[in-house]
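Some structures are shown below for you to check.
Each of the next two complexes has subunit A plus one more chain, namely subunit B in the first and subunit C in the second.
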Partner chain A sequence: MKKESLTIAILLAVIVSTSTIKAQMYEQPILISSAGQSADVKLVKMLAQRQQLEANTVLMAKASDLEGIKTLLIVPGFSSKGLGAAGVSQQEEYDRVEALIKVAKDLKIPIITVHIGGNVRRKGQSDAFNTLIADNSKGMIVVRQADEDGFFSDLAKKNNIPLTLVDKIVEVGEPMGNLFK
Partner chain B sequence: MLKNHLSTIIITAIFTYAAIIASIQFRQMHKPEKLYPSESLTRVGMLSDYFDGIKGTEGDTEVYIYDSGLPGGTAFIGGGVHPNEAAGYLAPVVIMENIKVIKGRVIIIPRLNNSAFTCSDPMEGFPTHYEIKTPGGSRKFRLGSRVTNPLHQWPDPLVFAQYPSGQQLSGFETRNINRTYPGRPNGNLSERVAYAIVELIKKENVNIAFDIHESSPEVPIVNVIVYHEDDEDLAMNAILGLEFAGLQFSPELSPKNFHGLSHREWGDYTDAIPFLMETSNPSMGRLRGKTNVELVLKGKSENYKKAKEFGALRIAYRDAEGEPMEHRVGRHITGFIELINAYNMNYPDKTIEVADLPAYEELMENGVGKYLHN
Partner chain C sequence: MKNLKIYFIILLSVLFSLDVAAQSITPSGKNGMVATAHPLATEAALEILKSGGNAIDAAVAAAFTIGVVEPDGSGIGGGGGMVIYLKETGESFFINYYGRSSENALSIGFDSKRDARTTKAIGVPGTVGGLTMAHKKFGTLPLEKIMEPAIRYASNGFPVDKTLAGLILDHIETVGADPGTAAIFTDDGFPKMEGDIIVQKELAEVLRTIAKKGRNGFYRGHYANQFIETIQERGGVLTKKDFATYKPKFGEPLKGTYRGHDILAANLPESGITLIQGLNMIENYDLRSSGHFSESAKTFHMMAETSKIMYADRFEYVGDPDFIDVPVDVLISKEYARSRYNIINPDKLDPPTYRETIAGDPFGFNKSGMDVSVPDLEMQGGHTTHLSVVDKDGNAVALTQTLGLFFGSAQAISGVLFNCSMTNYSYSSKTANILDNGKQCRSSITPTILLKDRNPFLVIGSPGAGRIIGTLFELIINVIDFDMDVAKANLAPRFYCIKHDDFLHMESGIKPEVRTELEKMGHTIKVYEGIDLFFGGAQMIYVDPETGIYYGSADRRRGGIAKGY
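Moving on to the complex of A and B:
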C-alpha cells in the first residue's frame, strides 16, 4: 500500500512538472532583440510576423524598450559585419545585452533564446553570447546544426530549461508561435 | 669566320626559339577562354562602352546582354571580381550559357576584374587553370588572382586610402576592385574599372545586382548573402525560400561604415538593390594543405576534416562530400533564382523572368560539365 502511494505520488509529481513546462504560457507583446548583431534577428522577426505575433524588433534594445513588454526573445550570434553596421565593439555589445538581461529579470520578463544561425553562429566570438542568453533563458528554440556537439543540450540540462531542436530555420516559426498560444 | 661562330649562333638560335615559345605560352595566359552564351543573348558589348577611360586597357571586359524584348526589370550579375574564387566565375558562366530570359533583361559580366585573370596570387601555389569535362569535350578555365595584375597597376601604396571615404586599408587592396567602388574616372586601373561598373549599373537602370564570391571555410563570412539595408525583407524572403530548397544561407547586413564593397556602394551610389553571395571553397583556406586542381574542383580536404573534428570550423563542412564545384555553383544559381523570385514578389511591375537554369539537384547529379557548352 505504501509502495503504491509512493508510486502515485511520484507519478503526480511528474505530471505536475510536465504540465508546468507545457502550460508555460508566454505573453505578448514581445520584444525581439539581438545578442551579437547577426542579421539572424531579421529572419526571426519575419517568422514572428508569419505567426502573427505582436512583436517589436529592436536590434540594439535598451532597458527603455522593455516598457510594456511581456516576453523578451533574444537571437544570439556574433557578426562582425553586424557589429560594424551597428558601430559597436564586441565588448560594448556584450555589456548592452548583459544590462538588458538584468533589467528584464528585475521586471520579471521571461527571456527565450532563439538560435537559428547553425555553425556559423557557434564557437569563436558567438559562444559567449550564446551562453549568456541561454543561462538566463526560460526556454530555447535552436536549429539543430548548432547543437551537433551538444552545446545547447548541455546548457539546457545545466539550467533545467526546455530545449526545442528543429532541423531548419523555417521550422522555428511553429514552436515559437506555440509559446504564445 | 662563320665557322668560328657557328656554335654561338646555334646556341643563340635555340635560346631565342625557346624564349619565343615561352613568351607565346605566357601571353596565352592573358587570353580569355571562349564562352558560349545561350540563345537568349541579344548583344555583347564592352565595359568601356560605359566609361571610355578603360578602353584598350587590360581592365576592359565583355558585357553580355540578354534582353527578352518584353518590359520588366533588369538584373546584373557580376562574376570574377576575385578570379581566385573559382565558382565566383563559373556560376555566372553556367548562367550565361543556359539562361532563357522570358521577361525583362539580364546583364552578365563574367570577368569583372579581367586583369586579375592574367596572374596568380604569389606564394599561394595555386594552379593556373582547371579543366571540366563536358559532353562536347574538356574545357579549360583560368584561375586567377584576387587583385589586379601588378603588371597593369603598379606600384601599391603603403596604405590604400579608399575613395571617397578615406578609409585606410592595406596597400595591395588598391588593386582589389571590391574595395574600390564607387571608383573614380581619374583613378588607378582598379578604380576606373569600378567606376565603369557603377556607370553600367546606372546607365542600364539595373534594378537588382549580384556580386558572386567564394571564401575560406574557416571565416565567418561564408555561405552568406550580404544585403544592403534598403531591401532587407527581400533578402529574408529569399533566404527562407532557399531554406525550403534545402540550402542554408546566413544573412549579413552590409555595414554602413565599411566602404568600397559592392554590397555597400552599389546600393549607395545607384538605384540597384545589391546582393553579394559567398560559398565555401576549401582551396582558398589557410588550412588547405596541398593546393591542386582536385582541391579546387572537389573541395575535399583532410585538413578541413581534422579542423572540423577539432571544432575549428563554423561551416557545415561535409566530410564525405567536401565542398565540390557543383555544390558551390548550385548554391549560387539557386541563390540567384530565389533572390529574383523574392524581387518579383516585391516589385510586380518590374518583374524579371528567367528559365532553363540548372537546379541544385541537377547540378549535384550531373556535375557542372553537363551545363557547359562547346
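Moving on to the complex of A and C:
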C-alpha cells in the first residue's frame, strides 16, 4: 500500500513538473489586460516591471491595443469595485474580453492566463472570467490557493495546456519572466 | 516558543472554519449573545461575558478586538457610536464617539478626492475616548482584562480571512503607499493573502498603554505626541490640543416607535433620525398584506420611494446640532412622516428621476442658497463595522464604528491606522454638513436597539456607508412585518435607493418579474449578483418576547459570526 502511494506521488510529481509552461515560446512586446477589472492587473504589471519585460498595461484593452503585440497576458478576476470604477457592467466586461480574445486569436497572438488573486478571485462572478480566459490560453500561471479544488488543474487538463502553480503572488514573477527568455 | 505560536495560529484557523460551518444553524442562547464581523471579536466578547462581565464590558472588548482583526473597517484611529440599554432600570444611553475635525480644519483647503488618503484627512479619533467612557460608566471588569484579547491578537497575530484578503487586494495601491500601512498589509509590496498572518506589535504596545492608563494613554503623552508630530510633518493639522480636549458626547439615544416597538437609535449627527423617519413613513402602508419586497413590486416601490424621500431629507437637514439647527422633533414625528408618505405615487416613480426628489420643509426651514447637489463621499464603499451584544440580564449594546473609508486615511503611525473622517463633510456652500473647525461630520452609522414591552427585541446595526440606513430599514421590516427569523432576514435580498443616484440598486434575489414591473414603473435598476458587501454586513440579535431566548445572526456578506451560550 505504502509502495503504491509512493509510486503515485512520484508519478504526480513528474506530471506536474512536465506540465508547467515551457520557456522560449513567447515574444515581447506584451499587452497585460484585465478580465473582470480587479486590481490584480496592477500587481502583474509590477511583477512584469521587476522582470524587466517590455509590457504595456491597458485595463480595458480593445482590439486596437493589440497592434504590434506578440503576447497577451490576461489577469482574470471579478471586482465589483473595479467594474464600478470603470463604469461597466459584468456583461459588458465579459463581452469586451471575449471580443479581445477573438481578435488576438485571429492575429495569432498567444494568450497566457495569470491568476494571482487566490480564493478571493474564485467562484462567484470570477469563475466565468477564469474559465473564459483559461479556455483560450496557451498556458496558465496561477497562485496555488486558487486551485485548492483543482479548478485550474481541470481546466489545464481539459484544454491540454500547461499550468504553473506557485505559492505566493511574488513568486509569479519568475515563471512569467522565464516565458520570454 | 515559535512552535507554540504556529499551533496558536493553526488553532485559530481551525476555529474559523468550524465557526463558519456552524452558522448554518441560527445561534441561540439564554445567557448571552454576541454578533460581530469577525469570529475572534465574537470570541473576545464571549470570553468577557463568561468571566462575569456585562454587555458593556463585552462590547468594549469586542470593539477593541475588531479594530485589530478587522483593521480595514475600524480601530482605535477611528470613531463610532453606541446605544446602550440597561434592562433593570429601563435606562438608555448613547455615546457618540465619532470624533470631530481639528480646531484648524478650515485652514488646510481639504479636497476629498486629492487628500482622502493623506494625513490631511484625519479627524480627531474618538474610539478610545468612547470605549473607555463606556467602560468607566458601566463596566464591571478591569480595562486591562477587557483589552487583553485585542492585545493578544495584535501581538501574536491572526490569520487573514477571505474578506480582508479581498479588501487588501482591491485596495493594494492605497495600502501600499504609506510604509507604516504597507508593513501591516503587504509582504514585499504584494498583498497578504487569505491565511497569511498579520502581526501588529506596535499597535499592541499602544493598546497596552491604553489598558494601563486609560484614555490618557492615547490622547496625552508619548503616543499623542508621536501621532501629532507625524501628522503635522506629513501636512495634517491636528494639534495636541485637539487630542487632549477630545471628549465623546454622552446622552440619550433618539427615540421613536414602529408598530408597537420602541426604537432607541444613534442620535445626531449619526443617522437614527433618518431610520425613524423612514419607519414612521412606511408605517402608513400595510406591508404584510402587500407581500415581501423581493416578491411584490408594489411593496418594493413603496419602500424604495420611502427610502429615497428619507435620504433626501437627511441630506438637507442632518448635521452636527452644535453647529446647525436640525428640526429633530419634526423629522421624527408621525405627522411629518405621514405628510411625506402622502406624496408617494403608488403607481410610478415620481418625479421621474431620483435626483429630482425634493426635500421636505419640516420647519418652513429657509432653504435659500442651500446646495445639496453634490453627493458625499460617505456614499461609496462598504466600510465600517457593527457589533451587537446582549448579556444574561438583558442589557444590550449596539455599537458601530469606522475609519471612514476602507483602511481610513491609509496612514499608520506607531501601528495605529487613522481615519479619514474629513472626507465625510460637504464642501459645497451652505449645506447642513459643511466643514467647520471642531465640527462633527454627519455619519450614516446607526446602531439601534428595538424594545418590546421594555425588553430588548432587536439589537441591530450595519456597516455599508450610505447604505446603512436603508439596510436597517429593510431588516427591521423583514423581522417585524414579515416575521422572518434573524438569519432569514439577514440573508434576504437588499436594495438601496437614494436621491443622489441614477439607479435603484438591488441584489439578484429580487424576483425577475418584480424587476420588470419596477422598470415599467419608471425605475432604472442596477443588479448585483448574489449577495454583495455593497449592501452592508449587519449583525443582529433577536430576543424572543415569549421565551426570552436570544438568537444571533452575522451577515454572510462579510466574514462575521454570531455566538451565544
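Heads up, the rule we're going with is that the second predicted complex is superposed on the first by the 157 of 181 C-alpha atoms of A that agree within 3 Å, B and C clash if a C-alpha of one lies under 4 Å from a C-alpha of the other, contacts with A are read in each partner's own complex, and residues count from 1 in each chain.
Criterion: contacts are C-beta pairs under 8 Å (C-beta built on N, C-alpha and C of every residue); 3 or more make two chains touch, one makes a residue touch a chain.
Since the model is a prediction, treat every value here as computed from it, not as a measurement.
*Asks:* After the subunit A overlay, clash or fit between subunit B and subunit C?
*Replies:* They clash: once the shared chain is superposed, the two partners overlap in space.
*Asks:* A:Asp149 contacts which: subunit B (first), subunit C (second), both, neither?
*Replies:* Touch status of A:Asp149: first partner only.
*Asks:* Who does A:Lys81 touch here: subunit B (first), subunit C (second), both, or neither?
*Replies:* both
*Asks:* Could you say whether A:Gln90 touches subunit B, subunit C, both of them, or neither, answering first, second, both or neither?
*Replies:* second
*Asks:* In the overlaid three-chain picture, which partner chain does A:Ser38 touch, first (subunit B) or second (subunit C), both, or neither?
*Replies:* Touch status of A:Ser38: both partners.
*Asks:* Is it subunit B or subunit C that touches the larger share of residues in subunit A?
*Replies:* Looking at subunit A, the partner in contact with more of its residues is B.
*Asks:* Of the listed segments of subunit C (294-302, 348-356, 384-392 or 510-518), which one clashes with subunit B in the superposed model?
*Replies:* 384-392
*Asks:* Between subunit B and subunit C, which residues of subunit A are contacted by each of them?
*Replies:* Comparing the two interfaces on subunit A, one with subunit B and one with subunit C, the shared residues are 38-40, 42-43, 46, 79-82, 117-121, 124, 145, 168-170.
*Asks:* Taking the touch rule as given, give the residues of subunit B at its contact with subunit A in the complex, in rising order.
*Replies:* 220-224, 226-227, 229, 232-233, 235-237, 239-240, 243-244, 248, 250-258, 311-316
*Asks:* Given the complex with subunit C, which residues does subunit A contribute to the contact?
*Replies:* 38-40, 42-43, 46, 79-82, 90, 117-121, 124-125, 143, 145, 168-170
*Asks:* Contact residues on subunit A for subunit B in the complex?
*Replies:* Checking each residue of subunit A against subunit B gives 38-40, 42-43, 45-47, 78-82, 84-85, 87, 117-124, 145, 149, 168-170.
*Asks:* Per the contact definition, I'd like the list of subunit C residues that touch subunit A in the complex.
*Replies:* Per the stated touch rule, the residues are 162, 165-166, 169-173, 187-191, 193-195, 528-530, 532, 534.
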